[in-house]
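Structure provided below as structure tokens; questions to follow.
For clarity, chains are labelled A, B, C, D and E in written order, and residue numbers in each chain start from 1.
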């Protein structure tokens, strides 16, 4: 290569005009600023905590808590540790979030499809639902479900009694609790067999379609098998499940499974509120599938049901998933409003009572935020994996 | 081309036909129509009775409330408290002026082709907050100072939402630009900031802002509680805003960046003159939606002891003088929020529609 | 800076109170706070500034109160807080005394037909979160080998609403509250207060550890009020009392000695307290005493000379 | 192109002989969008095996017309009879007509979430209840015919425009329709791709399929059409064999249009 | 067109005389996208006032090449010297080069939120710090030159494609660049629009502007180019005056390409 060039003289390059150098300096400054403020924050906090005589560290997690919690998924009583209260609260949060996500998804899809219904009344009701529910603060809706509904439920003595098995009153919904007896193994086996049978049916159905073109009603048959087989086994084994039936003891019902009104109210409010957003997401997802797709399917002779199932929904899902993810995240975060009605979730139990008893605000709040951060990262992660799996193949 | 001489055949759109087509076109639609119709008839009637027909509107004491209906007398009596909180009665005209200014700025935004609409909008985001601060907090021009802990009710709700959105927008823009930067460390910092704030519930943020903040600050440094709630809300909101703005930035085609570069515009001019104006216009609906979300979330300040509209209502429904007015109180608050949020969401939907068609040409 | 200095710089006292508890601290719809806890703070403000109005109230839920005090968000916590060893020793707090002796009791709905706490096995309780009530209840039931279901609310309003809506059988709280809470029910006669008292609840103002001067100030403001009652000084006769020859009175009102100076307060701090807020008895009667909605007898809270246990060290 | 023109003339002789059964009959058909009169009394008979090219200025209603033929649009007056079935509101009749009519769109409208093969099989399997094996075999046949059997397992997004349009043609053919409708099948393509698709269509035409094609590719019209129809303002202005149509247009409007187009 | 061809020959005489100073020099320039070698050692000298047309099959690197010239893409090896400034990482030098080089894109890339006039003024005002009045006057001049002064206050979305592209040209000219780059400026246009734009470019060429134009409009190349460059596979295969290039291409690859293109 020939460097000597009559027209051109090497201009000296000033380092600060090099974008790479600029970028480096800028980033160095930024990271220094972040570290400096982070350090200042920690330093201040430690200094402040020391000067105010606040104890630090996580030793408190092993101390005995000394307070009761009305509902817990793992064994808990007042003699257990603060660490235990963390898990109780966390599980309660997960419980109501999980239930909420399922219910909100189902309800949201129904309402979203109803918005596009050809039945004028249904479409309008769905519209009213969406416009009313999503424009009222969630906290108010939680209060509404809690106090309005509680007021209208009877006291335990006057419980609504469904066949002596199921009771509803202002202490909650009481359901019989199944207890396995000898012989239950048969029923369990039947369930396993039913699942296996369904898998086989699906494979056979596919094969039959391959060979003869007949389309087998897989879904209906599967449901029938899944319900029928265990039921048969149950009857044949002479009913090897005894039911722990709730009964009135003293002031309240004992035995059975209880769903406390706080859980129910929070669950309703979260599901109904979030469903109104999901409905809009579903609707716009379906509408985002171009009209050409529907037309092409129709031109091929596919009926409207098939068009929806084979062409529209699979494509709508791509549009629906990302905003749906953020709704799930919102729901989990919103479950922290439990504290307003006394449902013992993580914020209420751990960031509430435990924090108050131990006074270790920094540790407790950090743990709580860590939990929400983890949940949210996990949900995003799963959704990203799903998203990648269904991404359109492009050139 | 000759004009069409034929007009479309008159459709038989008599009511019977309409009902047929829209309510009873298939057997399952018929079934659904009947079931839902029945439910509507049985529930709407009693509701209307309670809300209006049997309700009590006039009076000045609990005794005025008789019968089964709602007791709106209660709302009437306490309305002042719900709107202004503890703001002193003689000074409430100041708040009223602000309400009026706000209405003057906002209402024209809904009216197509209103003169000076753009300028009013600009004033709403720039001048109004400053005027509002001086007017409401006072201490200037011979106005009596009203400390922030006396602010409350609807007024406080509006202040929280308004300031929250205004302050979070610029921060959100900076974060969004940072997240799209070529510099890995800047990008990393922005991503972490955004994701962390988006992951935590607002009430934990408010809790930190309201009772823990002094722990993190140097000795002796302190702000007012309201200001701290605002900082918490703003930071939290700016993470959401950043994502909205990022959506807009991503929607700007690469060609726009390239054309700007080819003309010799540097990074900041490229962003300021070319990219951001387009991106922000694209995401106005998104911003309005964020605003609605924030507006509803302001109710959470109740949990940290600020008396917003829900707070004022809650603190009065337990007044022993009035029995069983909780439902009326909550319905009132719900209605207030609904009116604001519904209005805004309509606005954003309209915009969305308009931008949609505008973009296709 | 010391707490006293920063309070003086700021120009007002920052005082943590409840979000609304009749007789102790409650805002009316003008934002004026009333109650015995509120008056305690006013007395501190009066002692520092000579003006009982120079105080700002921060409403706090029970869960937030200690964090707010620890962080420096408030200067004094006067929020019917029970004095316990743990709180005193490990939260970095100091209790400055007791402005109300209370005990935990039960409010039960009549329809469950219970007349004694020992019959409450298996009942559901409405409690306020973050209170000693929560702990006492667990202790009491463990000690008596009974079971209970605690339903924990954030504020006392919600606790009452929970009880009123029939969600729980029993509302448990400090006895001083039960009567007032009962009066909030739409039908007060549907509930009764059980005779049992299951705990000692000395309620008093709290300050941060590590600032002895401030600790002393808040402590002695209360003592000054109790001493004033012993000495018969009231807000009405305080001006006349200034001329009194009684050295105790002179020291209290600052006409003699340097009591104020020792605390870092103006000499006349005692006079200001009584003038602005009144003595302990006045404060009691105005907020919770007979004739108020709470209608509570002095009982334990009477002066030691009158059969109670209110006793203040001498001002000298 | 000169060789092709020749072969077309040979074909025209054959074609006119077989033009027997009327497979599409349109009688005084009108359509409105709201109050806008798009189609103003169209009349058209198409015999089995006939190949018709429709052209005309933009907005003249060409697309609307052929979309009415398989009822993607509803006409409000007049009659359309396809394969002896009249198009009415009756869902069953619409279904049976659509089964016999294949359509190829300007923008292909392939299903992006299915592979090429799945795109081709979905209708035979779910509409005709063909066994999957068989459907796939047929699909591969047609993919071979449009010369892209090697792309069968790719997704539409991975193909070029010309390839996508050929898949769209194969997809329509897989239903073994009696009639094929094309709505400007080449106008969204790059010049090189156009040739691929036109070649495919010419091959198809030579197999005797009944075709109605909206296009402005006049070369194609000359090569394969039995009749060229010129539409303007929602009316059929002229309808003639290509030779006459291009050589001796009757209407002033047609002449004007042809001048524009051929000049280009 | 025949008249134009003639006038071009006249011009060529003039042009060759003035071809003095080298304004763009590319020396053994290489570029990679990741590990994909796009440009493989290009060498090119462009004299002031020279008009160069680049053609070549799709993907041959034409766009990449001219985008390197104003550093929209970064080259990794070799040298590019524009107007005596070497393109390196130095921001100031890039800025000063971009000021002298105008670019017109295939898809116009007008700023949709600004009027035509604002589009033209934004760079002079903010980059050259021209007073607004003056910038607007200049802009109007250039808009007159591209024959759309009456559209000055419309928004780009309200113009036809051809008008938009002319605005894009005017916008680039407003910076009074020494060099203009065109990247297939007509390929996104309808046939009728193409002529408008080509006419504008021909007029521009006759004013002595240095131009590098990627295009497949061979008519244009014949009319105005001083040199036609054929690229394939990231290399310059042939570079010759249009007369030789079209009349007597040296390389087999060029011949093949020309056949395809002229045939079409």
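General observations
Methods note: a residue touches a chain if its C-beta (ideal position, glycine included) is under 8 Å from a C-beta of that chain, and two chains touch if they have at least 3 such contacts.
Bear in mind the structure is a predicted one, so any value in this text is a computation, not a measurement.
Geometrically, the chain at the heart of the complex, using CA-atom means, is B. Distance between Cα centroids is largest for the pairing of chain C with D.
Among the pairs A-E and A-D, the greater number of C-beta contacts is found at A-D.
If each chain is reduced to the centroid of its CA atoms, chain B and chain C end up 40 Å from each other.
If you average the Cα atoms of chain A and of chain C, the two centres end up 43 Å apart. Remark: chain B and chain E have CA centroids separated by 50 Å (rounded to whole angstrom).
Centre-to-centre spacing of chain C and chain D amounts to 89 Å, using the average Cα coordinate of each chain. Shared interface positions of chain B, defined as residues touching 2 or more other chains, are 207, 211-212, 214-215, 219, 303, 326. Each of residues 64, 67, 70-72, 154, 161 in chain C touches at least two other chains.
Residues of chain D in contact with at least two other chains: none. Residues of chain D that touch chain A in their complex: 70, 72, 95, 98-99, 101-103, 105, 107, 109-113, 122-123, 125-135, 154-155, 157-160, 171-172, 175. The part of chain A that touches chain D in the complex is made up of residues 206, 209-215, 290, 292-293, 295-303, 306, 310-311, 314-315, 318, 390, 392-395. Residues of chain B that touch chain C in their complex: 78, 81, 85-86, 147, 149-150, 152, 207, 210-215, 219-220, 222, 225, 303-305, 314-316, 318, 320, 323-324, 326.
Interface residues of chain A facing chain C in the complex, by the touch rule stated above, are 48, 51-55, 66-70, 78-79, 147, 150-151, 153, 155, 157, 170-171, 249-252, 254, 261-262, 339-342, 344, 348, 352-353, 355-359, 361.
Against chain A, the residues of chain B that register as touching in their complex are 22-23, 25, 29, 32-33, 36-37, 40, 182-186, 189, 195-196, 198-204, 207-208, 211-212, 214-219, 292, 296-297, 299-300, 302-303, 310, 326-327, 330, 333-334, 337-338, 341-342, 345.
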